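I have a structure here, written as structure tokens, and I will follow up with some questions on it.
Order of writing sets the labels: A, B and C. Residues in every chain begin at 1.
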Amino acid sequence: MSNKVLLEVRNLKLHFRTRNGPVQAVDNVNFQLREGHTLAVVGESGCGKTSLAKAILRLLPRNVITYSGSIIFDGVDIMTFDDERFRKEIRWSKIAMVPQASMNSLNPVMRIEDQLMEPLLVHEDISRQEAAKWVRDAFAVVGLPLDFLSRYPFELSGGMRQRAAIAMALASNPKLVLLDEPSSALDLLTQANLMNVLKRVKQEFNTTFIMITHDIGTASELADEIAVMYAGELVEYASAEYFYTNARHPYSQKLMASVPTLREDKELQFIPGQPPSLINPPMGCRFAERCPMRYDKCALHPPTVQLDHGRTVQCWLYADEKGEVQHA
Amino acid sequence: MKNALRQIKSYPSAVAGLAIILLLVALAIFAVIKIPYQEAVALWRGGDNVWLETPRNARPAWFNWFYKEKQPVTIVRRTTDETAEKMVADLGGGVKMIDTILEFDYHYDGFPQELAIFLQATYQAARPNVNFVWVTPDGREIALNELQVRQSESYRISQDSRLERRLGGVKPEIALFQDPKNPGKVLKGTYQLRAEGLVFEEGSTVDASLVVYGKLHGLAGTDHRRRDLMVALLWGAPVALSFGLLAAVGSSLTTMILAAASVWFGGWVDWVIRRINEIVMILPLLPILIMVGLFYSRSIWVILGVVIALGIFGSGILSYRAMFLQVKESGYIEAARAYGASNGRIIFRYLVPRILPVLIPGFVIQVPSYVFLEATLSVLGLGDPLLPTWGKLLSDAQSNGALMNGYFYWVLEPAALLMLAGLGFVMLGYALDRIFNPRLREL
Amino acid sequence: MPNVALERQPAPAAERKPILAVEDLHTWFEVRRFGFFKAGDVRALDGVNFELYEGEALSIVGESGCGKSTLAKTILGLHRPTKGKIYFQGVDISTLDDDQLRSQYRAKVGYIQQDPYGALPPFMSVERILKEPMIINGIKDRKEQERRIRQVLEEVKLSPIEDFLPKFPHQLSGGQQQRLVIARAMILEPKLLVADEPVSMLDASVRVEILTLLQKIQYDHNLAIIYITHDLSTVRYFSERIFTMYGAKIIEKAATKALLKNPLHPYTRALFEATSDPDYENLKTFKEVPAGEPPSLMNPPSGCRFHPRCSKMIKGLCDKELPPEFQVTEDQSVACWLYRDKA
């Protein structure tokens, strides 16, 4: 873990067109990620977290209308790259992604070894033997026995396949790995195993992760920083310690209160209502409708306020105190 | 449903297709009302002087729009007409002389196709006598023939070879209308036929009709048996539509239900249905239909029945089965079992409705295949012998060398209607496919 | 409806009347190669015994392949038991045929599934979905149907009712869909509810809402409910008793409070260990996870099904013989040789 900022995202926007109107999937997201750290992007379904991952990796749908902002990766704004350069230099070689339920997206008619080598041969200028070696190393990192390399995906269990998919992402030694719900399709024990693997990878190789999940419990296993998304916006960003002990945004607080805990006796609360549609989101604070602490100012869009310890919150309750407006 | 209609409006091809189909349906309804089934069958069978006064192989009347030299349309004059001049002279002893003059104007550029006189007489024993004289506009009188008339007699002037020789070897229908100064050109003006009749008994009568056959007739022309093609064109619509729709709907629905049952019951039911399907898929449809037509019956209902019976177990059942296999595992089916739904209810109320919207475009598109199948069978000579259909027209046209003889309208008219039917259903079907299968839509 | 009642105690033994008693229940599925040759059986449920009392909430916890879903479906009559008995209100339903099941049993058990959208026929409106069970079970009177629909929709808080009746499933949110599933399960006034992972496909903030609703319904109607889940942390808020299942068998039965304080079976302990509470300290520790994979259901290991993965395995005993159920305390019993002296 170091202090060098590997990724800085500024004013990232992704809107796309549907039959019913433009969907504002990602709206003005800002955050920083240091090398070797893991950022967990948490939120519920439809909050835009998967779109955020795709926006960073430029895996855009066909019907994109707005895609703007800057993504400064290792000092360079990769938003300015044209598609071909992005594909060659960034995607997979520098930033890799493990998509949701990727254990089901392994090609059933290819051997694991061949599948894992394929992106390497495409993106890196290396020989087959070198690619095979990288793949074997990746397999060792995720803790899978090497003889599985010559097997077909159906011969492996779900958890093993998920690890194979992670190995595929790690094989090219990327600087940043995006994990989209890495464990939600897995059983409890397999999930725990997987988190162990990721922790080890993180410790041994200092890999930087962005983990997207709806499960704040699992997020706590890996995350150094937490970013909470709601209705396409980043409403809170804090280090894990501060987030789990004292979340600031009303949504984060309610979210924490609605998750049952095994070891702790607590009263559960739920959030009535539903998130707003991303097609015509409200002009003011998007959470105001369901927020127990809303007041008249919430009809205006709240600014993102910088708090202590590098935390940010997008909420009027804190803007009044600090009065500072960082990113509008 | 309302939603679907709204969406249909947004696809121009669907609107066009629907319009065509509605037009054909209107045509079909009109046909059935104007010419009821029995009458249609009778008309098409012909014979018995049904088509006496129509020309053979006549082109449609509106062709005259395009001709510089106007061709004639059939002219008929009867002695029973009010305009016919009649003179009766009683010669005593029951003998009467009845002179009738039948008059008509002829101003076409072309010569008539045929000439004939049809006679009807009533008498006890002595047959009446009629002498026919032809009077041209420029006053020439040409004796045609003298006949002893039976109860029903036809004198085909055009086939009278003696008359032809008398007229100098020129065919009567030309010679009688020819301008003597300008042979080859029609003498336009008022023509008369004088019928000088003699009856020998009290109460005997004799009546004649002169038919100057034209070369054009009606909206669609006529065929080799003088039948007005409009009858077949009109009646082809309800036949094609009902055959196509019944076959398509009947076989699709039944296939779907069979596939659902096969999937739901599994086990030996599934096994049996799949084996039947495999056998049926190997059987060739057309040759079987030909055999049925040749050795058993050509009735259109029998053919329809065989088509549906074979179609039910055809390849459709496999694709429906695949869809049902997916749906079978759905949660709501399990839930239905849990609250006690019977097998029948699950098949008809839970499985089939799930797939139905996907199948509607499918069978709309299938309709033209069945329409063409019926036409194919007719062309092969295996169509229903009674009904006038589009396929029958094509078949007749082909066996009578229509194209060789230049009667191209005989082929084009049914062909155009067949294509129109096909086009309408296919356009509607593909648009429906896009509506009911959202995956095919572009965003 | 804010707070959820915290742990509950089972009613005193004297008051208990079992509404459901399962004896030595086995559900095996045949595996055939090429449609003919029998290759073996998948022993999805291999010897399960328990009693469920009237008005009791029971949780069954386990991972995929442990048999919990098969148990639920066998109880619901969706699978035929291969061996063993199921007594419902004293009647052995495992021997009833389809028609008898329909007339005597199905209306008394409600089923709530995991996937709310899949559980609802997409081509039926809300009103129609609720009418179906009634039509099938002979409730044809219009007025009665309307009364029940109204009552049940009010209970699951899908109101205003007139707004919801003509809607179709795809027009409802996930939470609303699941409420509708619950409403449908309630419409025949059952005595037992079987809920198979009812909230695992819903968002975190909606889960509490639905669980609270289920709890309230259970209280109000004195229903027995079997709640199947893989998420241990929800169990404490819901049920009086917990069973843990592994390898098609029940390996531990306990009162919720007792289990949470002291899980006995090594597998249950492993489940505990593997559950992550939102706690930043998690970052610093590795979890202890038993090595290996869940056992094959076609060829289960000899002896205790968990022994290949168990760090406390007793050689010669655990790998040779299936442990019986040892009643360790009044509230807890466990099928594990480690407790053979404690019974």
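We adopt the following convention: contacts are C-beta pairs under 8 Å (C-beta built on N, C-alpha and C of every residue); 3 or more make two chains touch, one makes a residue touch a chain.
For clarity, every value in this text was computed on a predicted model and none was experimentally measured.
Asks: In terms of CA centroid distance, which chain is the most far removed from chain A?
Replies: The most remote chain is B.
Asks: If you tally contacts for every chain pair, which pair is highest?
Replies: A-C
Asks: Compute the distance, rounded to whole Å, between the mean C-alpha positions of chain A and chain C.
Replies: Comparing mean C-alpha positions, chain C is 33 Å from chain A.
Asks: Any idea how many Å lie between the Cα centroids of chain A and chain B?
Replies: 71
Asks: List the centre-to-centre spacing of chain B and chain C in whole Å, with centres computed as mean CA coordinates.
Replies: Chain centroid spacing, chain B to chain C, equals 69 Å.
Asks: With touch defined as at the start, can you tell me which chain C residues reach chain A in the complex?
Replies: Residues 2-4, 6, 63-64, 173-175, 203-209, 212, 230-234, 236-237, 260, 270-280, 282-283, 286-287, 289-290, 293-294.
Asks: What does chain A use to touch chain C in their complex?
Replies: Touching chain C: residues 44-45, 157, 159, 187-193, 195-196, 199-200, 214-224, 240-241, 243-245, 254-256, 258-265, 267-272, 274 of chain A.
Asks: Mind pulling up the chain C residues that touch chain B in the complex?
Replies: On the chain C side, the touching residues are 73, 76-78, 101-102, 106-107, 109, 111, 113-115, 118-123, 132-133, 136-137, 181, 184, 188.
Asks: Can you name the residues of chain B that touch chain C in the complex?
Replies: Spelled out, the residues of chain B in touch with chain C are 330-332, 334-342, 345, 349-350, 353-354, 357.
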